[in-house]
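Handing you this structure, nothing more for now.
Note that the chains are named A, B, C and D in the order they appear, and that numbering of residues resets to 1 at the start of each chain.
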Amino acid sequence: MKRKMVSVLLTAVMAASLLSACGGAGASTESAPAAAPAAEAAPAAEAAPAAEAAPAAEEAGAAAAEEATGGADVSGKTFAIVVKSAGNPYFKKAIEGFTEVIEGNGGTVVVKEPSAATVDAQITEIQSLISQGVASISVAANDENALQATLEEAMAAGIKVNCFDSKVNADSRATFCNQAGTTEVGQALIDAVLDLSGGEGQYAILSATSQATNQNAWIEAMKSIQESDSKYANLELVEVAYGDDEPQKSTDQTQALLSKYPDLKVICAPTTVGIAAAAKVLQDQKSSVKLTGLGLPSEMAEYIGNDDAHSCPYMFLWNPSDLAKLAAYTSIALVKGEITGAVGEKFTAGEMGEYELKDAGDGGSELILGPPFQFNPENIAEWKDVY
Amino acid sequence: MSDSEFILELKDVTKIFPGVKALNKVRFQLKRGEVHALMGENGAGKSTFIKVITGVHAAEEGHMYLEGKEVHFRGPKDALDAGIAAVYQHPTTYPTLSVTENIFMGHEIIRGGMIQWKEMNAKARELLDRLHANFKPSDEIGALSVAQQQMTEIAKALSTNAKIIILDEPTASLTSNESEELYKIVDQLRDEGVSIIFISHRFEDMYRLATRVTVFRDSQYIGTYDVDKITNADLIKAMVGREISDMYPKPEVNIGEEIFRIENMSRTGFFKDVSINVHAGEIVGITGLVGAGRTEVMESVCGITKPDSGRVFLEGKQLNVKKPEDSMKAGIVLLPENRSTEGLILSWGLGRNVTLPIQKKLAKGGIFNDLRKENALSKKFLEEVDTKAVTIFDPASSLSGGNQQKVVVAKALAQDNMKLVIMDEPTKGVDVGAKAEIYAIMGELAKKGFGIIMISSEMPEILGMSDRVYVMCNGRVTGCLDRSEATQERILKLSMEQGKSDRKEAVQ
Amino acid sequence: MENRSLFKKITGSREALLTFVLLVLGIFITVLNPTFFSPVNIGQIFRNNALTMIMALGMLCVMLTAGIDISITSTLAFAGMSIGMLTKYNIVNNTFLLFLIAMVIGCFCGMLNGLIISKGKVAPIICTMGFMYIWRGMAYVVGNSQFASGEDVREFAEFGKDGTIGPYIILIVCYALFFWMLKWTKFGRKIYAVGSNAEAARISGINVDNTLISVYTMMGTLAGLAGALSVSIYASAQPNMQYGREMDVIAACVIGGVSMSGGRGSVAGTFLGALIISIIAKALPLINVPSIAQNTVKGVIILFVVIFNVITQRMVDRQNLERREM
Amino acid sequence: MAGKSGRSIKAEEKLTAKKLLFTWEGALILLFIAVNIFNMSISQSYTFANVLREMPKYLAEMFMVLPMAYILVLGDIDISVGSIVCLTGTLTCYISNAGAPFPVVILGCLGTGLLCGAFNGFITTSFPELPSMITTLGSQIIFRGIAEISLGGGGSVSYTNTKQIMPLSTKLGKTVPVIILVVMLAAVIFTVVLQRTTFGRSLYAIGSNKVSAFYAGVDVKRCRFIAYVLMGFMAGMCGLFLTAYTYGANTTTGQGFEMEVIAMCVFGGIASTGGKGTLVGGIIAGLIITLLRIALGQANVNSQMILVIVGALLIIAVLIPGIKGRFDELKKLRAAA
């Protein structure tokens, strides 16, 4: 009997020690930026090099940001960022940008990286944020509608909600920081396809998952632009394949496209994982099929080039760090009451200049970061180390 | 004693298991080329003793001498290397592997880093031929009968060129003539100079084979005797510690009306056209070779398997049995052959085991378990069969084989609508003392007017307890003998004759 | 009589049955898309499914001991992420060394599984479920929100590049090694013995615990190897790599006739099972089955094959019974 | 009767507080208290109101812990439940979007779950040769596959008539979510059925020794079938409430739920080998894991790290009985010597 008691106590002690150890470790890595509003050097070390490395060398630094927004008037307030899932460098950049702006303005940051790219995981994280009573939440949603109930609850609790990268529906947000207008992305992509195909021929799209909101919107935009203008009349979209943002499946799908459509000229992959997988397949097979789409320069540097040895002449993306900075400024503006999310409102996003809330076409408002940026052999070397 | 006289000698061996002393300063001497029987009740420590010899268990105290030299086995491997091989009570075969793979498991013939399958197959063939086995080296063990599996085990022991072979209850699952085959093999081995230790509950085995017998009781050494110099009664006394006056207490019962009848029941591949009837108060024995279809017939009666055709009547009414529950509701109770796998849930308390079949009847509204009622009832029946247990919550696994069998009987008695009891090998693996008690219970049941069917391979039991004996062979009933006309010879003849004639027909 | 023996040959041997299924599948696909059996396609089938095929070997051994390991893809991700990071930050750039490191990591993970399962008497599915969470989490921790891809692993990816023979060689070596081990060595016999009847194995002097530990260690090592191979073939190390694919590996083994209760299964069967799973993944996009239906088709085929096998087994048993003379 | 020695066998079991405490459930209650103290120390937001508000998503999974306990007690396993949640959630949305009244929606959802469970039950009981792990692996892929096909290219569906399903996610008196009451009711029913009825006893009998149970007249096939049907039904329940909280479903809905649910059961002392453990343990364990995850989330511990902690706890929990067994053995050895 005594043994049992011992074992019971042992469990409790082991569990507790394990938890406190892990909890401690987790806190030190995760909330380090959050714990560093003041000038205490050690914990702030992580944020500092990030700021230095930021691509915005030509843009104004943190000091300018502070000046523009009036310094410490959001101090003591907590701003949360919820990304799609953990372990993604795109969102790592976004988190860095977000943190830079918020801390530059004296606020604290809570970072939530859900364990999986699912709605359930995001709901759990947002619920936790409501409990903590944060001032605002910026979320890159895994599903447009599924977060509605939770986000409405957050707004009812006085939390300002905006989204970036992938939107939620108009009822669940104040506003949406759009990386680029849907039409603009669609236009850029279809133009690239037209250019690379030489004006005619078959092309295919390799997308992420079948329910990825952004990709679906862009693909729709491409299709409608193609129909509306006769210069695209000789292009034929043969298939939209889904690689589920998995390297293996994307590889399978790319290879299937190649063997199914021998006359294929271009593959367009508007997703960072898919484009990298496709680029590798095409380049390894020395295929004549050309690739374009949306991709991270750091992952794609290997494949970008104008000659036959490279599979991707050029591609597009925006700066995730800038996008998150915009989301951060938007959050601050919402918290300070400068904007409410109504169409037509204007505010100054620090060094990024003035932005106006436009009609997003879904009943809500949006901010557009700017047109997608083209990465080509000339500038890729410069950007590959940035993000 | 000289080195040459004893090939194996153990002195003052003590083995302790958590909570019990399984062996207490036992000794043992095995002569070169002798067949030595080791006897004792269940729990006397025989199996533990064997495992000490084969290195499976390490003894806490004591010495072991092999050919005069002291040896210490650190594991079964050492014992095998030293030339000691064992065939355990429950065949320790690998059911998913072939006969060859089984025979050579652990001592494969390896040359150049490769297992020599061809050579091993040939050697296995040779060994099987030597044992007159009727199966192939490529057969999968799981598909063979228990007897055939046992033969494989013996082939395995032979393949190691063992000097000492230990047979732990090899005849427990064999029928008389299968046993006879085994005897021949043992004789042959002895003539080849192999020393054999033989554990058995059956006296016939001992008389037929052994020259000397050692008796253990309660983990202690009692004595070693020359087989031809000790009487049956003395041996029982040595084993049990007391005298058993009447082994088969068959009461005089007025046999009543017919209560149970099977008509022309068949199941493809197992039995054909079986008709059996039982009267109230009658003990009907069913015997035959293992695999003759005895158990299978009764399983079909009880709804465990589905017969292809045939009818079953209980008290004149035809039964429609689809699952075991149906037969139980009608009043037929089966005591299955394997207590541990079919009769009991070993991890459960005794009480729960007893009331499992009738839990619905006891439950409030047929749904909610009535623990108080259950406990009272199981206490009553467990005491009635005199189970050696402290509480009804003791797990069934903590009891000896005989007591487990009593629990199975209590479980049957608790079914108050019982009319017919089917006991499948009720004394298999049960020691002498408990055997007598089980026979006594059987007699009591007959007195109360129940019909009893007893499936058994043990000739004395069949002859001692049955009012009538059905003999089955190869799926058919080959004869029905009255108590007065049943003799060992007639039964043996019936259990083999039919098979032979059938085989001839098949050839033609 | 002839017919019966042919029937028995097909139904009696799992491998023959699978070859038959494979043939039917192959013909079906070729009719719908004649380009399917091109050398390029066949090469890709093996290359893209090398991971599943390699891990199926380890799973075969684990399942032979009546165990299961659902932590393998987490181990794969942990090992893959670790070497991805090592080469990304130019700490280690030697391809061979990276493979070795991945295998050592996998070996360690597997050994932990083995120790807990054998010494701690924990059910394999539960133990490996715990580690499934742990190693996956560690993959994220190691990665610290970075992928290793493209340029980061350029040198390392040379090994698994399309057109190189590296992955094929690893595949062939692994299969040859395991075939030899399970069929011709003592250790292979021990694995079968432990799975078929652990108690008997113990009594006949086989160290059951050590066998279990080695089996799970082998599984882990193979998962580590697969992790390195994955990084090399796809030029990408992501913490969520191969998420959920452990079920494909298990399915491959089960289709290949490996029994979950242990002691039954062969390298040839496992290979055929893995091949069937691979061909399904490869062929569905080619024969214009929409990719959203791929899972359903895969599930139906898994259930069909295992149920088909049960039914043929029942038929064989029935036939054997009917042939018994009464 | 024969051989009466007049030996008496005790039929009373003394239940002392001490004995209760030394069961696995007792240990879990202690751990529950310890975890709560720990939680309060790491998170200031760990208040009753907040916990109550964060619970529902986890509670939806708790629906499945209940029947999963049945399945595990049987010695089976069902890894298709996450996919059933996905399929039922998807169909619920489609049924409602087609304009069906709310009762029809609920019936459709639970009915789908029931059918999925019946499919599993049918396959597993018709082919007892196949381990349930394999059959449910097949149906896991198929159920999610069907959901994927019905979701089509978009991969997700919204519950457009959100007002209709709102009652399921409301809070009584603005604090107590409806789901808590439903879970509590279900927990009581499932616990009573498992621990106090003949059906529950039959499940334990089958899990402890299938053959003996069959010989003793337990209808093995029926019991297993019912357990799978209940599993499917409760997975449908989970799907229904999850839909009420997410206003929709997509292809990833319910992903990984099966393992989380099994982990809760096993942590609660319900062995995957069958015949062991109680639902009380499963429920407490489920609560412990849930509360721990909530508090760690509030303390902003990395979400992957939380999974590592849960995994480690699970392994420690299943190791303890083995370690304890070794200790007991040693003690007995010493006593005997």
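The working rule: a residue touches a chain if its C-beta (ideal position, glycine included) is under 8 Å from a C-beta of that chain, and two chains touch if they have at least 3 such contacts.
Everything numeric here is computed off the predicted structure, so don't read it as measured data.
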| item | value |
| --- | --- |
| Touching subunit C and also subunit D, the following chains | A, B |
| Pair of chains whose C-beta contact count is the highest in the structure | A-D |
| Identity of the chain that, by mean CA position, is farthest from subunit C | B |
| Subunit A and subunit B: spacing of chain centres that average the CA atoms, whole Å | 72 |
| Centre distance in Å when subunit A and subunit C are each reduced to the mean of their C-alpha atoms | 35 |
| Distance between the centres, which are taken as Cα means, of subunit D and subunit B, whole angstrom | 42 |
| Numbers and ranges of subunit A residues touching at least 2 other chains | 86-87, 113, 116, 210 |
| Residues within subunit C bordering two or more other chains | 140, 239, 292 |
| Multi-chain contact residues (two or more partners), subunit B | none |
| Contact pairs between chains, per stated definition | A-C, A-D, B-C, B-D, C-D |
| List of subunit B residues in touch with subunit D within their complex | 16-21, 60, 304, 323-325, 328, 334, 336, 341-348, 350-352, 356-357, 359-360, 363, 366-369, 375-376, 378-379, 382-393, 411, 437, 440-441, 443-444 |
| Touch list for subunit C against partner subunit B, complex | 180, 183-186, 189, 192-193, 195-197, 199-207, 259, 262-264, 318, 320-322, 324-326 |
| Residue ranges of subunit C touching subunit A (in the complex, touch as defined) | 33, 35, 38, 40-41, 44, 48, 51, 139-140, 143-147, 149-152, 154, 157, 161-163, 230, 233-236, 238-243, 245, 281-282, 285-286, 288, 291-292 |
| Touching residues (chain side subunit B, partner subunit C) in the complex | 51, 54-56, 75-80, 86, 88, 92-97, 101, 105-106, 108, 110, 113-115, 268-272, 474-476, 502-503, 505-506 |
| Residues of subunit C defined as touching subunit D within the complex | 68, 116, 119-123, 125-127, 129-134, 136-138, 140-141, 239, 247, 250-251, 254, 260-261, 292-300, 302-303, 306-307, 310, 313 |
